[in-house]
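Consider the two complexes below, in which subunit A is the common component and subunit B and subunit C are the respective partners.
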Partner chain A sequence: MNLQEVVFYILGALLLITGGLVAFRPKPIESALWLIVNFICTSALYVLLGAHFVAVIQILVYAGAIVVLFTFVIMLLNLNPQELGLTAAVPWTSIVLISGTIGVIFLCLHVATPELLKDLPALAENAGTWGTLESFSKVFLVKYVWSFEIAGVLLLMAVLVVGLLAHHHPKAVTAGKSLEKDIS
Partner chain B sequence: MSFSIAHILFICFGLFVLGASGFLIRKNAISMLICLELMLNAVNISLVAFGRMHGNESGHALYFLVITVAACETAIALAIILNLFRLRRSIRLDDATVLKG
Partner chain C sequence: MFEVLLPWLFLLGKILLFFGIVFGGVAPVMIWVERKVSALIQDRVGPNRVGPFGLLQSLADGIKLVLKEPLEPEGVVKPYYYLAPILAVIPAALSFAIIPFGPATTLGGLFETPQRLQISNLNAGVLFLLAVSSLSVYGVALAGWSSNNKFSVMGALRASAQMISYELAAGLAVVTVILLSGTVDLVSMVEAQSSMWNIVPGFFAFLVFLPAIFAETNRLPFDLAESEAELVVGYHTEYSGIKFGLFFLAEYAIMTSISAVCVLMFFGGWELWPGFSWNDLYAALNLGWTTEGTTNILGTIIPSVWFVTKVCAFLFLFVWVRWTLPRFRYDQLMSIGWKRLLPLAILNITITAALMALV
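Up next is the complex of A and B:
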């Protein structure tokens, strides 16, 4: 067992442990802070795979922007435990159903395709530049230029929609309830 | 490299199932969004790993598109949650029944 393998197994265990903490810690602020640890471990996995640019983007965009947005909203709302609904019943059957189904599908794929079990090729076989910013840009801005444009338009639309939503003021606390009465 | 794509896919599978089960059992909207991010992240790992297996950058292009969609979705969903909180003083999705028929 060489060093890469040891690092890989440690990273995998850390990813699963922090993922479990994100999913099952009761308070949202704890989930958000464990999410940062999870993203840093993901970034380390990308470095191990050789995708350096993706690792940097993972830290910058996910841990730097999205989780900060989550933390900001959680602290802005300042919820008490009663509003969080911490004492709710857990439908364990649905979890078992979902994980069992995906597990069986995964097992079938695993048995059906032994190519999946071959070791990943060394980086030198892939011309040595895989995962760098230069090679990524050459593919992304030439071959996939339309997906780049669509991403830009999508971000513009998101900015416009968030502005509209921020300007829209719901009437009052009871507005929704009177609406329900009107419908029914 | 002494680990195969199946090892990485197993980690992706574990993370995705953790996110999905968290999404199902959580009651407040922000925690459900965080679990959604966990699922998207699991898919991203598998995209980059398959790109590594085939030795091209198409997986990176898809990764870029996925994080764009994730950022847009997070911003819009958090704005909707803030409006919901102003309307109902609560972010539990059991209370958000305006669209119930």
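Up next is the complex of A and C:
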């Protein structure tokens, strides 16, 4: 086992542990903080692959912007574990369902990974530039430009929908109030 | 043996030089400058008791902060309360990893090939700096949240909203500079500016970048996060002693790194003057050495000092603005960020890209 593999397994273990902590810590703010550690570990995995650009973007977008938003909301709401309903027992059917789903996903990955890895030697041709900003941009903006644009349009639509929902929110509240009046 | 150790010693030397200068030199001196300039602007004398011109005042303050009793206010959320100052300093320290402070040099023939005066040469270049500075919001947010004080929470909320908003504008301004230079690497960016500094073609980008970095560093006129009149001092109200000192140190360290990036991106880094490089000057003076330092180590030191001078000018601008401009109102701050700077930045990228494609 060479040094790279050792680092990979340490990072993998850290990823799993922090992922578990994200899911099982009682306080939401703790989960958010472990999520940052998780993202930094993921980014370290990208660095291990030589993809510095993706690693930096991972930190910039996820740890630097999205989790900030999470913590922002958590701080605004300031919920305690009782309000989150974490004290209620989880029914065994959902435990079986969740672990079953995760098992199926792992099985799919186990079957599919060798097939996916067959494509990798093609990437090894440009090993010197692999993962650099230049080669990344070439693949991203030439080969996958349509998927990228579609994803962008999807996100834009999501933003518009959220805007619409927020815009209609006051009406909904007043409707609810009038409903309450009717009931009373 | 020496040949094997040399690159490592060089790396260690660069790291020690940077941290020594920034945390041991720039931060204390900047606090003194801040107080002296504020005194000058407000027609006062300023610190003048400790040492000549009050220069040792920062040292005295530092000793005081370290020796102070570590107070722990009631009701703080303990681990996060202690974690927050550390999380504030880490991004500030990390941001120096990619800042070059001089041209590539062989250190007067010590190395075979010219070595970069940069701790780490990352492929992502200036993007790393954006990523790291976006992490600095956690120190502020956690400090406010864990302090069990409504003023702290208000300050933290304001700071995080402000940092997210202005990061976008700053990032888009950086995109313009990347377009102009054709690279994200800061050393190549400086080399690309040898004939014309980016401030001329990228003037509007600078116009967006400057307010954005003032907001990123939480300094006046954007210091809503710690506005004394409303929030005591905002997110670090409940901090004292060295924990407060760390926040203070982080602020000045980030200020220094951002000033350095500004000089590197817009003001030609260590280049002497637009269209007139150090090599031209050496040739004109018949000195027989070049900036690469192949023949003389002075050829490396002089541009580095010139770079530091430019950074100092920027640091002075930070102080000057702080003591001159009043604070914005919170809604003004948000509308400037989202309705003025962001459209200007996007428009600027579009026009720059179109012009570069045409010309």
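Here is the rule we go by: the second predicted complex is superposed on the first by the 129 of 184 C-alpha atoms of A that agree within 3 Å, B and C clash if a C-alpha of one lies under 4 Å from a C-alpha of the other, contacts with A are read in each partner's own complex, and residues count from 1 in each chain.
Here, a contact is a pair of C-beta atoms (placed from the backbone, for glycine too) under 8 Å apart; a residue touches a chain by one contact, two chains touch by 3 or more.
All values reported here derive from a predicted model rather than from experimental measurement.
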item: Subunit A: partner with more touched residues, subunit B or subunit C; value: B
item: Touched partner set for A:L15, first subunit B, second subunit C, both or neither; value: first
item: First, second, both or neither for A:F53, with subunit B first and subunit C second; value: both
item: Contacts of A:I36 with subunit B and subunit C, given as first, second, both or neither; value: second
item: Partner chain(s) touched by A:A158 [first = subunit B, second = subunit C, both, neither]; value: first
item: First, second, both or neither for A:V73, with subunit B first and subunit C second; value: first
item: Which superposed partner A:A166 touches (first subunit B, second subunit C, both, neither); value: first
item: Partner chain in contact with A:K118 - subunit B first, subunit C second, else both or neither; value: first
item: Which of subunit B and subunit C A:A63 touches, first, second, both or neither; value: second
item: Shared subunit A surface residues [contacts with subunit B and with subunit C]; value: 53, 57, 65, 69, 76, 131
item: In the complex with subunit C, residue positions of subunit A that touch it; value: 29, 33, 36, 52-53, 55-57, 59-60, 63-65, 68-69, 71-72, 75-76, 131-133
item: In the complex with subunit A, residue positions of subunit B that touch it; value: 1-11, 13-22, 24-25, 27-28, 30-31, 33-35, 37-38, 41, 44-45, 48-49, 51-53, 55-58, 60-61, 63-65, 67-72, 74-76, 78-83, 85-92, 94, 97-98, 100-101
item: Subunit A partner contacts - residues on subunit C that touch it in the complex; value: 80, 122-125, 127-128, 130-132, 134-135, 137-138, 141-142, 144-145, 153, 156-157, 160-161, 163-164, 167, 184
item: Footprint of subunit B on subunit A - complex, ascending; value: 1-2, 4-5, 8, 12, 15-16, 19-20, 22-24, 28, 31-32, 35, 38-39, 42, 45-46, 49-51, 53-54, 57-58, 61-62, 65-66, 69-70, 73-74, 76-77, 79, 83-85, 88, 90-91, 94-95, 98-99, 102-103, 106, 110, 116-122, 125-127, 130-131, 135-136, 138-140, 143-144, 147-148, 150-151, 154-155, 157-158, 161-162, 165-166, 168-170, 173, 175-176, 179-180, 183
